[in-house]
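Several structures are given next for inspection.
Both of the next two complexes hold chain A, though its partner changes from chain B to chain C.
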Partner chain A sequence: MKDLLDLWSRLPEQELSFLGDAPVIYHCHHFNLFLDQTVDDALGPKRGPQVRFAAARDASYQLLDSLMQANGAQTPAERMAIAESTFAAMGHGRLSIGASGGSGKAIGEHLHYGRAWSEKYGASVRRRHPADTFAAGYTAAAAEVAAGLPRESVLANEDRCIAMRAPRCEFSLTPGEQAELRPDVGVQATLAALGDLKPEPGLHEPTIGAITETLRSFLAGVRGDQHGLVQNFGVYITLHLASYYNRITYDTISQVLSTAPKMIDVLESLFRESGHVCVFNTFGGILMSPEWEGAIGDLKEDPEEIVAACLGIARALNFGRWTLREYVPGERLVIDTPSTYECPYYITRHGTSSRPSCYFLQGAALAIMQLAERVKWTARPALTQDYYNQLFRGGAHWKVEQTRCRTLGHDRCEVVVSRP
Partner chain B sequence: MSLTNMNKVVEGIAGLRGVFVTLMPDCLLFDSWIRGTSDWIAEDIAAYFGDLVRSNREGLKSIESWAADMQVTIESADTLVVLRELEGGLVASMIFDREIPMGMVRLNVKRLLARLKVALPSIQLEERPRAERLLEFLERYAPDPHAVRMRVALQTGISLDVLTRPESLSEAQADDIEESVKSILGLDSLTY
Partner chain C sequence: MTEPTSLLSPLRREHGCARDLLWRCEVADEAVTGTLSLLREHSRPQNLGPSLGVDLFEVAGEHTIVLVRRTGRIQIRIHGLTPPSSRAEAAERVAAWLNDLVGRHHRES
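Right, the complex of A and B next:
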């Protein structure tokens, strides 16, 4: 089987990456858990997991189908082995799938969502529903791809989950009716959606570029450990499928707009919060890591240095070519990008939008300002839940507005952070 | 400023680290005394121990073993905590150094309670709206308290603006909020 790096491609001008034909990004457990939770809060405990399962199966099929072709894998056993090892290499845990003709069982050990949920919330909250819907969707897609079954025709249910105190996760697979197929958002669709816009250099470009290259070199060697997990910088990291995040986000937005439009502002705020909690913890963890100190150097109490560093990190994690346009200490931050990982999906599957749609960029920009302005880096605070609550429970110190968006027909996406 | 003369109440009580008087059922701090300098947050301590006493009361009632003079004793690594319901909807939480012998603690608790009975004013209890108590309970225990009202809004369909004025909510809306709080905390029932 080819290594992940051999199956990797990148659109350098957009800083977007693909594994096989699937757009991929690195995301931490804070983001993964909060985004799933928001979908369930909006759609309820039954419909939410259904939407998430459909998205996971859809995005995973696109990934696995392209990986099988790239590897020339022919037999079901060969294909299933590639599916299982890819899942672990991406940091999602260990899956062992026994399926034939769309029926069967799968066992999950150390699955990312269940394990991370247990560690983050398990001591204070009792979970009532399984946490590993992404693994369920991936398992169903693997069964389809391995056996050459119609796309999106296998159902998988998580019967036992470590987040509900089971010793391991267990899934049952059954054949189902084929779901409605949607156009894939791969390399070609991304190029078609974005056109040939050339990026314009922004402030601190050499610094940002150097950080991106350094961090990208480090990430290139990162794989799941013996449990299929990636633990770095104080978080669990996954290489994840952008189309999963995008589908659950925009399907939820569509449903809330049609059934409870008054709730859309709250929903968008919570989607922003998933980006905020992610960037605060992951970027903060990277900035304070020994790896950072070794490769880049000590952090000084310089907010502009933190902002530039965060943009370099964002590019290395495949979030897009985030560019610094303006930074006024204590007052204002302007970031733009030729595209986010969100836009190609939206444009391909939904067309143009009536509202700015880059929720992750919005929340991330807010968090970058918080990291730059409110964290005393030389004191090296522990980025704990208590610290996060202490900083953000008292209300907003900053607000963010997305002033341009590719989904609105603009030539770039732009966010402005300022005082409320 | 202390509502009661707490310095006089605790005078001569050996090994005492703190006293917290909680006003029930809302678990609000009524008065407190803390020895020396400390990072303790009196409002939080009053709220958590108030909740604990309430849960203890409900648990004992469920096994038909509750009595008004029940007392909860907690032995932690470096403290000994005694919780006691007082008349008039109050709860006293008394925290002692761990090395104080239990017999001495019991004696000191008795003295403290006698002094508190004299010192505390009689209170006319006015119950706050159920929705308000529910939201405060949730914010005390939810893992992401800064985002939790937005989660309730999304789950219930009650706007954030309305949630900031819980006294205006109907009983049906309070029921929805209670379901949301149970869902967020993963609880089958609430004592708040």
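Right, the complex of A and C next:
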């Protein structure tokens, strides 16, 4: 099997990356759990997991199909081996899938969502439904790709889950009816959606670019360990499928708009909060890591430096070419980007929008302003839940507005953070 | 906590994304180069370019020691599958091993 690096491609002007044909980004378990929970809170405990399963199977099929082609894998056994090793390499844990004709069983060890949920909440909360819907969807897609079955025709159910205190996760696979197929959001679709816009350099561009390259060199060689876990910068992260995040987000938005439109503002604010969760935990963790200290330097009490650092981190995690357009200390932050990882998906599958659609960018920009303006980095604060609550739930210090969006037909996405 | 040699500061917790996985101590400036050599000799260096100023080593199975050359900061990363109740003890063991390694080398040289 080819190494992941050989299957990796990047659109450098957009700072978007692909594994095979699938757009990929890095996210930590705090973000992953928060986003899944937001979907389930909005759609309920039955419909939420259905939406997440469909998204996982859809996005995973695109990844695996392209990886099989790139590897020239022919036999079901070869294909399944690639599917299992890729899952582990991406930091999602270990899967062992035994399926034939769309029927079978799979065993999961140390699966990302279940393990992370247990670690974060397991001591105090009893979970009543399985956590590894992403792994279920991936397993179903692997069974389809391995056996050459119709796309989105295999169902997978997580029967036992470590988040429900089972010793390991177990899945059953059954043939099902083929779901409605949607267009893939791969390299070509992304290029078609974005056109040939050239990025315009922003403030601190050399610094941001250098940080991105340094962080990328740490990320480039990283693979899941023997348990399928990836730790980098002291944070457990996953290489994840952008189309999974995007589909669960926009399908949830669509369903809530059609069934409970009065709830849309609350839902959008929760999707924005996923950006707070990511920036606080992952960006914060990276900023205080020894890798940062050794390769980039000591943190100072300079808000503008923190803003630039965060944009470098965002690019290294493949979130897009986030560019600093304006920063007024204590007053205003303007970030723009030729695209987010959200836009190509939305444009390809939904067309134009009537509202700005980059929820993650919106929330992340506000959180970057919080980290820059309100955190005393030289005091090395512990990034605890209490501190998060203090920063993000203790009254509005900032508001964010998305003033341009590719999904609205603009030439870029732009967010403005200012005083409320 | 493990008694440090004069070259290593006491071990203490660092906040991380999960409980008790990250621990910290510092090695004295004059011992950074020697500690780096000892870790290269007695543990498994992980692949990183030499120009990045930070070195990672796998120790005691699956735990990691990270050393920042410029500042002497050491981070001990306990593997995420270590049960929460055993993490502090695991960090202590890694720190004790390093402490012994550095101390012995210092006495002999």
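Annotations
Following the convention adopted for this analysis, the second predicted complex is superposed on the first by the 418 of 420 C-alpha atoms of A that agree within 3 Å, B and C clash if a C-alpha of one lies under 4 Å from a C-alpha of the other, contacts with A are read in each partner's own complex, and residues count from 1 in each chain.
In this text, a residue touches a chain if its C-beta (ideal position, glycine included) is under 8 Å from a C-beta of that chain, and two chains touch if they have at least 3 such contacts.
Note that the structure is predicted; figures quoted are calculated from it, not measured.
After superposition onto chain A, partners chain B and chain C are found to sit side by side with no clash. After overlaying the two complexes on the shared chain, residue contacts for A:Ser269 are found with chain B alone; chain C is out of touch. By the touch criterion stated above, A:Ala42 is placed in contact with chain B alone, chain C being left untouched.
Within the superposed three-chain model, A:Gly221 lies in touch with chain C and out of touch with chain B [touch as defined at top].
Looking at the shared chain after the overlay, A:Thr75 reaches neither chain B nor chain C. By the touch criterion defined above, A:Ala382 lies against chain C but remains apart from chain B after alignment on the C-alpha atoms of chain A. When the two structures are aligned on the shared chain, A:Leu229 is found in touch with chain C, with no touch to chain B. When the two complexes are overlaid on their common chain A, residue A:Phe392 makes contact with chain B while staying clear of chain C. Judged by the touch definition given at the top, the superposed model places A:Ser124 against chain B, while chain C stays out of reach.
Superposition on chain A places chain B within reach of chain C only down to 14 Å, the least C-alpha distance between them.
Overlaid on A, the two complexes show chain B and chain C touching the same residues of chain A, namely 120. Those residues of chain B whose C-beta lies close enough to touch chain A in the complex are 141, 143-147, 150-151, 153-155, 157, 159-160, 183-187. Residues of chain A touching chain C in their complex: 28-30, 110, 115, 119-120, 123, 214, 217-218, 221, 225, 227, 229, 231, 234-236, 281, 285, 289-291, 293-295, 298, 382-384.
Partner chain B is touched in their complex by these residues of chain A: 34, 37-38, 41-42, 44-45, 120-121, 124-128, 260, 262-263, 266-267, 269-270, 273, 277, 385, 388-389, 392-393.
Put simply, chain C touches chain A in their complex at residues 14-19, 21-22, 47-49, 52-54, 62, 64, 66-71, 73-75, 77, 79-81, 84.
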